[in-house]
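Below you'll find the structures, each written out as structure tokens.
In what follows, chain A forms one complex with chain B and a second complex with chain C.
Then we have the complex of A and B:
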């Protein structure tokens, strides 16, 4: 029974959109599979890891009969990738085997029934909808996502907090040592302030898939789930059920000292100083004196790196340590020419912001070196 | 570094000189969780009280007070059984936030005396007070003062053992429990350990104790009749440790920076378990024990892996690991079934545990949110 006549590219693109979340190992064998559903001229591909589900629907597939089946996602993807770019591909289902034909190549793959495939459905209930340009959302994610915790026992930190409040959309991520905050303006204000914690995997998948253009992204928050719709993709994700720490409390308001840096020279100096740090100890000392900032790193072999930058600073001397990764992360993920650095003393946090911009804040705690 | 290999009577330092005896205090709070609960709700004092899980959810007792112990209630006992023994038992769910706060207060008291504090769990720690000048240099007086301060500042009682090493200090802290202390002076170590039953040695569980009894060794003194080579032949690497411990020798330093790499529990069964079903039936007790110990860790590092260890009747053993972010009760049976299938023989030992992620908590890094590690 013929399911589909198409080309390699027309099938590979939507398959790659959904197959990224398929885990290599699980307890349920069917979760290695992708669901292929043909109805009328619409082809739907769907994959899930139970926490996230991604679906793409593309129209214009005239040939073939209506059916639904599941087949190994990674195998199908590997086969299509290995075919010539615009090869004609036909897919048919014969006696529980899915046959993929292209030119003189033929693959017979084992299947599992579509009825057994787990699906996530949106619950009814309070729904908050937002529409933003994909580019805006993607950029905002990039400004904070690197600060998310990874496998932290405080599970609510292994994700990203989004807050829709009036005409503003805020994102916050923290691993307990540093925190990134970014805000953007919504075209249409939301009636009710809403908060949700997106799981880390969902955030990374969105960052990967959103486009750098002004096409719309629709975000629907309902109960303990969220739906993202963009282009031909619908991504449903569970939300992390937990209480995110009070981020406003740790953003310093009154740090007395401020220095403006050129971002790229500071980044380059830190990258050089980082060469002599180790995986186990990433500490770099910042020694601030009259008109000069020294970045100093040493390691267990008594090697030492010293970088000196001229700065417009004439206040009290300061000697403060930081994990250099936390500084490189923020400087790498910004695109402005200048950054502003506010600080108090060697035991309090530093605040990094963009000149004339209230919409980005990065707070990092020092290290005792 | 001390020379360790062949010297068993007295430790020597690097210059070949006899090192002076150390002064180690093992401090152990009395029925810690229950004591915190009684402190915060004085009406509960005098009534049998336990902290633990509900009987319906296969809960176990984490700690109980002495009134409950009079009824035969013990920690690690199933809550259902505890309630049968003592129907009037007041059962409270654990509140680790309050226990951690009390534990931090107690650690601060210890650190007033020495920076060499090695916490074992929320309610237990070793202190090395060798060379500390306070209390005229008397470890006995320091222990007394520490216990008095815990009582006055934290509102609970603690017991202490004072000895030249960790092994004996830990045994001694049990001697005059609760709210007491016991000193084993260097010249008393020999006689004290000789009279000690073999099962007081750490690492000697029910099964090893039975084996030692069959071999005619009931006390550490009996065990001294054995040559080191014979103990090693009988017990492997553990035999070498037995040889030293039964003579009261334990040179492990008090390590304040000890980073826990893993946490595990295991049981050797007196009778081998015949098949997978028996193994699965033995699992809940092991899981309950593991969870009790996991909860007692102060600010554990992130979990990286869960593992199951199976030792078969023919002494071959296998360990199966899986990457996880938290110990998940549903995972243990899956791992056990998979590990068991590798040998598919009778089983003499089962263990479960987790390994912690390394290098995540950097020393010196300050936290954004108060109350974090």
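Then we have the complex of A and C:
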């Protein structure tokens, strides 16, 4: 029974956007499969790991009969990827085996019935809808996503907080040592303030798939789920149920001292200093004196790196240590020319912002070296 | 009508006996300790049927006066202390003055004693306290027969004769180890089990623990203020599967103390596989005023006035003694070498912790021979591959450890075996080195040295708050300074909650609450916590493992020699980070025996 006739590229692109979330190892075999559904001229591909589900629908597939079946996602993807770029591909289903034919190649794959495939239903309940440009959302994610915790037992930190409040969309992420905050303006204000914590995997998947253009992204928050729709993709994710820490309290308001840096020279200097830090805790000392900033690092072999930058600073001398990874992360993920650095003393947090921009804040705690 | 009345004396003593006289071994302990306290030079112990039928202890001590004999069997009567001041600085083994009374209440007891200067001896019968003249040269004979003859219920709890004898033997060993200056003899059912002449501590340890132990142990000798620790602690290769062979003496008194056990365990933490137990005989001397022995009727637990100082002292003294690797000292047996009394180097060669005289080992020295042979062809090593000289074995051992002219302890590399082992030739014979394990330990020790000292501390943006019990709460408050030294800044966040504001930077990504809880748990029990160091060391061990050379990496001879020299210079180089041996020695004797050379 013929399922569809198409080209390699036309099938691979949607498959790749759903197959990214399929985990390599499973106790539930069907979860390593992708659901292929043909109805009329529409081909739907769907993959899930129970927490997230991604679906793509493409039209224009005239041939073939209506059916639904699941097949190993990774194998299908590997086969298609290995075929010549625009090879014609036909897929048919015979006796519970899915046959992929392209030129003189033929692959027979085992299948599992579509009825057994777990699906997440569209959320019901109170619904908040937002529409933003993909580019805006993607950039905002990039500004904070690196601060998410990874496998922390405080599970609510292994994600990213989004808040829709009036005409503003805010994102916050923290791992307990540093915190990133970014805001953007919404075209249509939401009626009711809404908060949700997106799981880490969802955030990474969105960052990967969103396009760098002004096409719309629809976000629907409802109950304990969120739906993202963009292009041909619909991504449904569960939300992390937990209380995110009060981020406003940890953003310092009154740090007296401020220095403006050129971002790229500072980044380059830190990258050089980072070479001679100890692998596991990567401490770098910032020694601030009259008109100069020294970055000093030493490693386990007592080797030392010293970088000196000229800065416009004439306050009290200061010696403060940081995990250099935390500084590199923020400087790498910004795109502005300058950054502003506010601080108080060697024991309190430092605040990094963009000049003339209230929409980005990064707080990092020092390290006593 | 009054329902409360005084108990008869016999019953009181029988109740006390329940605590003091648990089994024949406890009778032996009390009587033997009395003999020691009497200033005896020679003590003879005779047991029958595991001590149940009879325990007879004869000493040549000061003896008991005729008038005192009756009093000796009374409760709370003793010559050992007189005032509270004495109690606070007890120097004798016993002091409670209740043992003999309790024993006399549950067994047929007679004491025969001749006080110094008395014209003849007197005997007292424990049952009716009747005195009669008796014949005895000097000292005291305590004879305890038919234990529990009048308390059959108790008798039912006794184990087999063999088991009860084993307990008595263990008790005898404890006293014998503590007092090597006394001549001691133990016989069971008229068969002599131990005959120990007075000698050095080392000789005594060798006689009781076996020469294997002595040759596979490191000598401990440390002093700090009023504290002094001496003795022998086994190398990891001699570790045991159970906790027997662990003897800790405080001022000559055998104790099994939690604090001391913990300190020893920590000292072995880095070199001993988790499931193994070290063997040791350690003597701690301390100002008697600094230790309270009146904690437990059997005096097996003690309490230290400055527990923290004692713990740290024992820990550091042992760590230092164990850190010196066998690779650095030629002549000591290889950690993985077969344990065989005939082959291991004699104890006399080691720096003895009292004097070099060591009769039991000397008697066995005749068979040791091959050192000199290997020495003869050692000279060729490094210059050429001459045919190994087969000089006849000289029948005595070098008295001092080999000096530099005999080359480095681990010798020089010959080549690599299947890309895994390094073969080297040293004075004693063939050395096999697991290069990955050895290199791993070298890197690990280097990382540890660098990171010791004040730790880097990561402050937390969002304090980790977690609920704790009252005991943890108190521990956090009490040990604030210790915790700060590790890098934890902890403050109460509520009546049942602690907030952690900073953590050691190396462990910044570990689950904070769980880490702090286990630190507090250890601090509650012991004055020092090694949880953080242990966690840190785990991390460093992983780093070292990744950094070390892998199997199948071809090394040049120069590289192999460099590794051998580094092993000699590295502490604890005998074991890899996981407690496995890093090298082993195949001596010329073993090889010769294998090839049946000269037979």
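One rule holds for everything that comes next: the second predicted complex is superposed on the first by the 369 of 369 C-alpha atoms of A that agree within 3 Å, B and C clash if a C-alpha of one lies under 4 Å from a C-alpha of the other, contacts with A are read in each partner's own complex, and residues count from 1 in each chain.
The criterion applied here is as follows: contacts are C-beta pairs under 8 Å (C-beta built on N, C-alpha and C of every residue); 3 or more make two chains touch, one makes a residue touch a chain.
Treat the numbers as computed from the prediction; the structure is a model and nothing was measured.
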Overlay on chain A: chain C relative to chain B, clash or fit: clash
Touching partner for A:231 - first (chain B), second (chain C), both, neither: neither
Touching partner for A:349 - first (chain B), second (chain C), both, neither: both
Touched partner set for A:252, first chain B, second chain C, both or neither: neither
Partner chain(s) touched by A:155 [first = chain B, second = chain C, both, neither]: first
First (chain B), second (chain C), both or neither touched by A:289: neither
Which superposed partner A:279 touches (first chain B, second chain C, both, neither): both
Partner chain(s) touched by A:302 [first = chain B, second = chain C, both, neither]: second
Chain B collision site on chain C, chosen from 6-14, 114-122 or 528-536, when both complexes are overlaid on chain A: 528-536
Residues on chain A lying within both footprints (that of chain B and that of chain C): 152-153, 174, 176-179, 245, 250, 279-281, 283, 321, 323, 347, 349, 363, 365-369
Footprint of chain A on chain B - complex, ascending: 300-304, 325-326, 334, 357, 359-360, 362-369, 372
Parts of chain A lying in touch with chain B, wherever the complex brings them together: 27, 151-153, 155, 158, 174, 176-179, 245, 250, 279-283, 321, 323, 347, 349, 363, 365-369
Parts of chain C lying in touch with chain A, wherever the complex brings them together: 446-447, 450-451, 456-462, 464, 487, 502, 505-506, 508, 511-514, 539, 543
Contact set on chain A toward chain C in their complex: 152-154, 174, 176-179, 245, 250, 278-281, 283, 300-302, 321, 323, 347, 349, 363-369
